[in-house]
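Both of the next two complexes hold subunit A, though its partner changes from subunit B to subunit C.
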Partner chain A sequence: MHDKIHLNMGSGGLASRELLEEVFLPLLGNEVLNLLDDSAEIALGSERIAFTTDSFTVHPIFFPGGNIGTLSVCGTVNDLAAKGATPVALSAAFTIEEGFPIADLRTIVHSMRDSADLAGAQIVTGDTKVVGKGVMDGIFITTSGIGRVLEGLHIFSGGARPSDLIIISGTAADHGVAILNAREKLGFNPEIRSDVAPVHRIVERISHLGPQIHAMRDPTRGGIAGVLHEIARASRVTIKIVEDAVPVRPDVRACCALLGLDPLSIANEGKLIIFTAPESAETVLECVRKLPEGKEAAIIGEVEAEPYSEGSPPVILETSLGTRRFLPLAEGEPLPRIC
Partner chain B sequence: MKPSTISDNFPDTPSKRNNASKARLLLERLSAHRAPATLMEVCGTHTVALFTTGVRAALPECVRVISGPGCPVCVTPLETIEKAIGFAHRKDTVLFCFGDMLRIPGVHETLESARAHRGARVKLMYSPLEAIEYARREPDQSLVLFGTGFETTIPIFASVLMRAREDNLRNIFLLSAFKSIPPAIKALLSAGDSAVDGFLLPGHVSSVIGVEPYGFIAGEYHLPGVIAGFEAADMIEGILLLLRMIDSRQPEIKNQYTRFVPPEGNPRARAMIDTVFVSRDTDWRGLGTIHNSGFALRDDFRRFDADQLMDFEIPPVQEPADCICGEVIRGRRTPVDCTLYGRSCTPSHPIGPCMVSSEGTCAAFYKYSR
Partner chain C sequence: MHDKIHLNMGSGGLASRELLEEVFLPLLGNEVLNLLDDSAEIALGSERIAFTTDSFTVHPIFFPGGNIGTLSVCGTVNDLAAKGATPVALSAAFTIEEGFPIADLRTIVHSMRDSADLAGAQIVTGDTKVVGKGVMDGIFITTSGIGRVLEGLHIFSGGARPSDLIIISGTAADHGVAILNAREKLGFNPEIRSDVAPVHRIVERISHLGPQIHAMRDPTRGGIAGVLHEIARASRVTIKIVEDAVPVRPDVRACCALLGLDPLSIANEGKLIIFTAPESAETVLECVRKLPEGKEAAIIGEVEAEPYSEGSPPVILETSLGTRRFLPLAEGEPLPRIC
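Take a look at the complex of A and B:
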């Protein structure tokens, strides 16, 4: 590993994993943290509580479909949801650069309240720090959240099993492409909006299936590919994804094609990946599709019989031609190509 | 559950379905092919698309596709990378470059590490047009555009310089590492040791230069070439057309990608290139100097030449030991022949240029075919 922090160590790809494994886990590791799930599950008496935290920095702060406030609430709510929990209470800590417009802050906080209302959670504690001009850029928000794990659900990244079917709750790559389009003024369809939204209702809808749900993640940084690699590794399984089955908006696909980016490696902020026992897949799909945020849900692949083995590809993509190839994990920040 | 049922859950568009079924149909015809043939593609987008679409894996064993010098990152000489790093370190100077140049190792550092650890000023650009606004906003900064790519990207850089001249912007400069593909193909063929039976020619570049510049491939070297698009069906059709011409010994340059490539290309874009640039000999990493394959600024635009800002020395450069990128770019060897490949040289820790660029042959092999 490098001797200094690199930008791509925060990108959710291979470099992030190296940092985690070489710095944080050796010093902080314990049986809960080592699971590396989106949320930690802890027992308080007979209650199972999910607990999570996340820091948010985004450019631009306001983007089509949301802003840093929406993102900071939905991100934490979704980390709880992916653990099978329904959100209860959130905290919010703001680090703000001197000179930041109060009107903008008000808009951001307004969005946070709206998102928290949508998620049925309250922001019950918080903190504000202001730093001198130029020390940082604009505003960073850190949120934490606790949620109640729904009865019957036991969700771990390590829970996937052979023959499970894999479901995504909607179209891939909307958030990452919307941000890129807005930040770099690429001039693609301004209708490409971030998908930022809470996904807890999806989890509530399928919770009655209990032990049939084996693993869930929200595919943020690193995209679907990142999440599938993590689940394959944690569950010691191999995964096959069918390329044509992954729903991608045509304009998002075109934008990715032009920039040489893979929609499967681009961030989402309002999607859930669900691993379910095959006999329940149709029921899951029906339940998810009944919600407006899940109407484009699709079965995108399955867990194969072949066990995981270090050094061989854990995630395979089946192309439209029916051939198979390795689906790589993003190396770092996705870089657009030259032509 | 069978894969077909998985696909059935996705409401895809009729055009997408047609395309996939066309690809399968063409593939069936291709699978009947028996005579061995080696084809070369000369476009980074083809390198990657052949893997990602699955076409490469679906080809019959007798058809071998190798990658030529089609990745602009891979063919940019180490000296030029060092120059770019030098500009990025220069006082009151900012280097604008495309994303895939950031991680190429120079002698001591990459542009990315120079920025992270030594405060070099490097800005990742999505379009060179961003330079105009920046140059206006920061009149005390010198802005150096790292110009990399083929005829597809050159017209945009030309338009930036034309605009800068009109608006009398004095703080925009260009480090030109632009290249042209046909002279490189000619250099490969004239070396005489090529085992290539036909060329899959680049779709994007040809939309600017048209069909004519490839004429010598069939005319002088009696080999076929097909300009092809990037969908599975395009590439398979291109390969089929090549194999037919090889079998019939009637080499021609054909255009499969007619929906984007008019025979004459894009004369307006070429006129922009001609307004600003003139052909010059230039160095290609792995191939050496190739006659008239680069682009120098014309006299009227000479004042934008970044070389005049060079108040620094570049360290002596040496290609990394044991790296065979040069041979890979020539299509003589494949990445797996390299002792570094997959061991000390991976996309996270690249040694040679073909592993850095997402369109480099080594990176594509490593990512999709292990």
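Take a look at the complex of A and C:
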């Protein structure tokens, strides 16, 4: 174990998992936290509640397609959605550097309201801390959310089963590439926009399938590869992904190719990965595609029928050339402050 | 309105209220948020849930009596308690600077677990973001919490009534003075310790009094004065505090006198202010004093019987000399990063 925090430890990749296993889980571990889902599910009276939190430190705070405010609300709504829950109430905690422009804060808070409205949720509680100039860079926002788990849904990362089909609700890597383009002023034209958006409607549309939906995640930090690794690990299954089946916008693909990045490892902020029983996959696909935010949904792979064997690579990529190779879990996101 | 964020805007005083009224409430305002209580109360099925969030940026992160981890858990537990709720589940979101010592993180997380154990709550979900060296100073933690509101309690800042008696559960200003002493190396000896601790047991002990308890707050940023101003404003009452009745440790009083600080305006992190019907005040006091954390509880004032009149000072201090003067709401905490 390292003795100092490395950038990669906040990236959603291998180093993040190490930090979890070395520091957080041994001290805080309990039945709920140990599931390592994006939301915790807790029972309150007769209600099943999803509860989640995320900090946002994205840089730049304004980017094509959204800003840190949009991201903070959608990120939390989507963590609830991936647990099969619709948002009930959100909280927002702001940490702001002295001297930060109030006009920018107003724009950010405006976007938060718009995103919350879109998700049908209210921000019901909050906090603001201000720190001296130089103590931090600009603004960080931490949002938490409470959701109501939709009846019939029991979603957790360990729920994937052999022969499940895997669906993504739209194109891969838009958010990460948009941030990279904006931060590094790569000048891709037309501008690549983040996909930041709430995905709760997708979950509402497929919730009638109930136990046919086995696992869901929103592939943010670490991208699709990160999420597939977590699900494979938690479910003890082997996953196969067909590279050509993953929808990627041409400009995003070009940018990735130029920079040597794999779109499968880049963050999304408005997508959902769904593991479903094979007999329901077409129905799921139809339901998702009927929504504007899901019109590019695609089946991208499956859970292999063979039983999982300890030590074998959990995620296999069938490449454009027809070869099969191990899809690695990145050490970390290529970029810090992606969300 | 200013055009840039000032330090005072995160202090719990007048400037914080201005920021709320100018930016947050016009954009995000709703029936629950507008109450400006430390926790939101929401109905979920047949349950009444309290929901709260707070960011912690305290400096130094280790101080006599606790650390940023203790503070982050107790702060959230206490915001739930002040709403009459016992904690059910907590979340923790970490923002950490690259290079932060993992041994320190482990100590902090250990303290979080100890405080959560003390409060009978589990941390069920979390998040870790790492930012590059220099992007921020060390570690910030944002905790959120869900609690169950105890039966019979209906607590909100607007609940104080004429003739209510006001009780504080212990000595004033310990936390703020401890941080000041630690940060500025004032060298007070013996060391002044922060009072950081959960106060939920106090609430459990008095919950049987139900509707006799009218308002509660934990006096953190802005101190007792800040909380009294908020309750006076929300309840439309005038409050009278007897200076000599407020318990203050001799070393804390000496430190405040030396530095020209008013203990009534300094942060606490393990205290509760309770507004109760006068006929129940002695019972409340007895219940609170039976707990070690409440053994120095005292009646410190009352709500004046006369109706509130617009424009008149809402909080009156009866001084040691027997004179009456207006207790002002400070522009801000004398110190940033107090919690």
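Keep this in mind: the second predicted complex is superposed on the first by the 330 of 339 C-alpha atoms of A that agree within 3 Å, B and C clash if a C-alpha of one lies under 4 Å from a C-alpha of the other, contacts with A are read in each partner's own complex, and residues count from 1 in each chain.
In the analysis below, a contact is a pair of C-beta atoms (placed from the backbone, for glycine too) under 8 Å apart; a residue touches a chain by one contact, two chains touch by 3 or more.
Note that the structure is predicted; figures quoted are calculated from it, not measured.
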Query = After lining up the shared chain so the two structures overlap, which partner does A:L285 touch, if you call subunit B first and subunit C second: first, second, both or neither?
reply = first
Query = Can A:P198 be said to touch subunit B (first), subunit C (second), both, or neither?
reply = neither
Task = Kindly classify A:G301 by the partners it touches after superposition: subunit B alone (first), subunit C alone (second), both, or neither?
result = first
Touched partner set for A:G260, first subunit B, second subunit C, both or neither = first
Message = Looking at A:P328, would you say it contacts subunit B, subunit C, both, or neither? Reply first, second, both or neither.
response = first
Request  = Specify the partner with more touching residues on subunit A, choosing between subunit B and subunit C.
outcome  = C
Ask   = So, does A:P314 touch the first partner subunit B, the second partner subunit C, both, or neither?
value = neither
Ask   = So, does A:L7 touch the first partner subunit B, the second partner subunit C, both, or neither?
value = both
Request  = Tell me which partner A:G65 touches in the superposition: subunit B (first), subunit C (second), both or neither.
outcome  = neither
Message = According to the stated criteria, A:S144 is in contact with first (subunit B), second (subunit C), both, or neither; which is it?
response = second
Remark   = Footprint intersection on subunit A (subunit B / subunit C) at 2, 4-7, 336-337
Inquiry  = Using the touch definition from the top, list the residues of subunit C that touch subunit A in their complex.
reply    = 1-11, 16, 19-20, 22-24, 27-28, 30, 32-33, 37, 39-40, 42, 44-47, 49, 51-57, 59, 88-89, 91-103, 105-106, 109-110, 112-113, 116, 122-132, 135-137, 140, 142, 144, 146, 148, 336-337
Request  = Would you mind writing out the residues of subunit A in touch with subunit B in their complex?
outcome  = 2, 4-7, 14-15, 165, 184-186, 242, 244-247, 250, 257, 259-260, 262, 278, 281, 285, 298-302, 312-313, 318-326, 328, 331-332, 335-339
Key: In the complex, subunit B residues that touch subunit A   = 1, 3, 6-7, 9-10, 12-13, 16, 19-20, 23-24, 27, 44-45, 48, 51-55, 57-58, 72-73, 98-103, 112-113, 116-117, 124, 126-127, 130, 148-150, 152-153, 204-205, 230, 232, 347-348, 357-359, 367-370
